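Next come two complexes built around chain A: one with chain B, the other with chain C.
Coming up: the complex of A and B.
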C-alpha cells in the first residue's frame, strides 16, 4: 500500500504526527550537514584551503551526535507509539538512513584528511578534474536522494538508483588512468594514492545515496529493493 | 537495566520468546556464512585456488536473501508484538547487525575478485604474509563479536572494541611498506594495488566486527556507544 504525505497527516493523534514529521526534519538537517561537509572537503582540496579541510576533519562529532539523537528519538517513538504499517516503515527507514548519512560524514572526513596531505605536499597532482566531476555527480545523487525522502518521491529515488551505475563507471575510468600515471612517474605514487582514496570516498558517497533511495522505496512501497537491479525496478514500480 | 538470557526466557508468551530466539539464531547463521566467505576468499588467494575464489565471488545472493528475510522477520515482530525495553533493543540490534554482516559479505566478495586478478596475473606478489595475519586477526574479531551477541556478553564485546585499534595499526603498517615496494618496482603497481584493496577489505571487516560489538553493548546495557572511545567504556561499563 502506497503512502503519501497526506496519509501521514491523517493521524488521529496530532502529537504522533508531529513526532514523525520531526524525525524527518531532523534527518534532513543531518543530510544537509553531511552534504555540506563533502562539498567543503572537496572545495578545500581544489582551492588549497587547508583551514577548511581541517575544519571538516575535526567536525564529525556533530554528525555522530545527530545520529545518536535521531536514533534515540526513533526508539522512543517505537516504544511509546508502537507504530504499524507505513508509520513503522518510516521509523525503520529513518534508522537506516542515519546509518548511511553517518558514513557519508566519515567519507567527508577521509576526503578532508587526504586533501590536507595533498595540500601540504605542495605538488600539483593529477586527478583534480576527475575529483571535481565525480564530486558534483555524487553530491547531486545525495541531494536527490534526500529530496526523494522528504517528498516520498519514488520516481526520484529510482533516478538515483540509475545514476549509481554511471558513477561506478566514472570512478573505474578515473582510477585506471591514475594507475598509468603512477607507472610513468613513481615519485607521484604517494600523492596519486591520496587522490585515489578521495575518488573512492566519493564513489562510496554515491553508494550511500543509492542506499537512501532504496530506503525511500521501502518506506513508500513496502518493498525491500536493496538487492534488486534498477532495471527490474522500473517494471515492478511501473515507471 | 541489564538483560541476560534468563530475562528473555521469562516472557509470558512462549511464542514471542521463540520468535526472539529465532531472530538470534538466524543472525548467527548469517554471521557464520559471511565469516566462512571471508575465510574462503583469503585461503583461495593464498593457495591460488581460483575455483573457490569464483564461488565466493558468485555467492552474495545467499547473504542478501538472508538479510532481507531477517529484516522482514524483525519488522513483523515489531508490528505484531510491539516489544518494549530490552526486547525492542534486541530487534533493533538485529536489524543493525544484518546491515553490518551484509557489508562483510560485500568485502568477502571484493577479496575474492581481487584474489582472482592476482591468481590470474600469475605473479608472486608482495603482501601475502600481511594478508594472512590481518585476516586471522579480523576473523577472530568477527567470531568474538558474534559470540558476544549470542551470549549477551559485554565483556567480550569490549575486547572486540579494543582489538580494532591494533587492526588499524597493522593495516597502516602493511600499507606503508607496500607503497615502498611500488616505488621500487613500478611494474608491480597493479598487483600491489589489488593486495592493498584486499587489506583494506579486511580492515573494514574489522570495523564491522567493531560495530557488531557496539550493537551488543546497546542491546544489553541500553547504551549507544557507537562514537565512544573504548577506553572510556572500560570505566563506564565497570570492567
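Coming up: the complex of A and C.
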C-alpha cells in the first residue's frame, strides 16, 4: 500500500504521531545542514574564501551529533513502539538516510579541506568549470532527494535515480580531461589531484542522494530497489 | 477505505493472490464460509486455505469473527443451535460437516487450547493420560511413554518429571497452559487451534508458549488467534486479518507486517484511526 506524508499523523496515540513527525523534522534539518555544507564548500573554493572553507570543516561535528541524536530517537521508537508496516519503514528509512547524510557531510568536509589546499597554493587550477557544473548537478539531486523524502514523492525520487547516471558520466568525462592536463603540465599535478578529489567527493554526494531516493521508494512503496536498474523501476513503479 | 466499499471479489482476489502455495499442502480449505448467531452475521463469505505444518495467525479487533472462525474448525458451534452456517470447511480434503464425519474423532484430530488454562482436577500424569485412555490405551508402559512424549513435546517434562502425580493445580499458570497443550498433543492431533493461548500469562511464560508453538510446527499445523500483534508477528508464518466478519487481507506474516496491501490492514496493525 502506498502511503502519503499524512499517513504518520493518524495514530490513536498522539504521542506516537509526534515522535514520528519529530524524526522527519530532524532528518530534514540534518539534510538542510549538509546541503548547505556542500554548497558552502564549493563556493569557498570558487571564490577563494578560506574562512568559509574553515567554517564548513568546523560544522562537521554538528552533523555527527545530529546523526547520533536521530539514531537514538529511532532506537527509542523501535524499543517502545515496536512499529509495523509504514511506521517501521519510516524508522528504517530515517536510520538509513542519516547515515547517507552524515557521509555527505564528510564529503563536504573533504571538499573544504582540498579547497583550502588549492586556495593556499595560490595557483589557478584547471577543472573549476567541471567542479561548478558537477556541484550544481549533485546539489540539485540532493535537494530533490530531500524534497522527495519530505513529500513522500516517489516520482521525484525516481528522477533522482535517473540523474545519478548522468552525474557518473559527467564525472568520468571530467576526470579524463584532467588526466590529459596532468600529462601536459606535470607542475599542475598536485593541484589537479586536489581538484580530482573534489570531483570524486561531489560524485559521491550524488551517490548518497541516489541512496536517499531509494530509501524514499522503500518508505512509500515498501520496495527495496537498491541494486536495481532505474530503467526497470520505471516499469515496476508504473511511471 | 470503509468496510462497505470492500467487495467480496476484492477480498477474494487479495486473499488468494498473496498467499500462494500448492493446494496439496493445504490443511484446511475454507470456502465461502458464512456463519450467523441468531441470524446476526459473524462471518461473511470467507475463503482461505491454511497451509499444513505452518503457524497461521488470525488477527483483528474484538468481534471481528476470528474466534468464531477458529471454533468452526472443530465444530464447536455444533453445541449451539442458534448458529447457522453456509459454505464448506475441508480438512485434508474432507468436508468436516459431512454425514460420515465422527465429531469426536474430528476433535481429536483438531485439538484446541483456550485462553485460560483448564487442567482437569487430577494429577499431571492423569491429565495427559486422560484422552489417551479414552482412546483405549490401557497398558501402563505405553501410557507412560505417551505421557513423557507429550510432556516433552510441550516443553514441560523437565519441570514436572520428578512429581508427575502432583495435582495439576500446583503448577503455575504458564505450566498449566503447557500441560493443557501436552494433554491435547497426547492424542496425536493433526491440527492445534490456539485461542489467545498466552493472553493470561506473564511475559516469560508467553515466550515459552511461543517457543513451543514454533517447535511444534514440524509435527502439526497450528492456528493461532491473538490480540497481540507482536505475538502474531513473532510466531506465525501466515497472518489473516479479519474485520467485521470478513477476511480483509491474508499474506505471509513478513509481508503483512512490513508492507500490507490494504489501508484497513495498515491502519489496524499500526494503531491508526480506521
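Definition applied: the second predicted complex is superposed on the first by the 239 of 239 C-alpha atoms of A that agree within 3 Å, B and C clash if a C-alpha of one lies under 4 Å from a C-alpha of the other, contacts with A are read in each partner's own complex, and residues count from 1 in each chain.
FYI, a residue touches a chain if its C-beta (ideal position, glycine included) is under 8 Å from a C-beta of that chain, and two chains touch if they have at least 3 such contacts.
All of these numbers come straight from a predicted model, not from anything done at the bench.
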Chain B versus chain C as contact partner of A:227, first or second or both or neither: first
Touched partner set for A:88, first chain B, second chain C, both or neither: both
Which superposed partner A:127 touches (first chain B, second chain C, both, neither): neither
Touched partner set for A:31, first chain B, second chain C, both or neither: neither
Touch count on chain A, higher of chain B and chain C: B
Touching partner for A:189 - first (chain B), second (chain C), both, neither: first
Touching partner for A:79 - first (chain B), second (chain C), both, neither: first
Which superposed partner A:13 touches (first chain B, second chain C, both, neither): second
Which superposed partner A:206 touches (first chain B, second chain C, both, neither): neither
Where chain A meets both chain C and chain B, residue numbers: 82, 84-85, 88-89
Residue ranges of chain B in contact with chain A within the complex: 61, 64-65, 67-68, 71-72, 75, 78-79, 82, 84-85, 88-89, 92, 95-96, 99, 179, 182-183, 186-187, 189-190, 193, 224, 226-227
Chain A residues touching chain C - in the complex, by the definition given at the top: 1, 3, 10-13, 16, 82-89, 222
Residue numbers on chain C that touch chain A, as the complex places them: 229-230, 233, 257-263, 265-267, 269-273
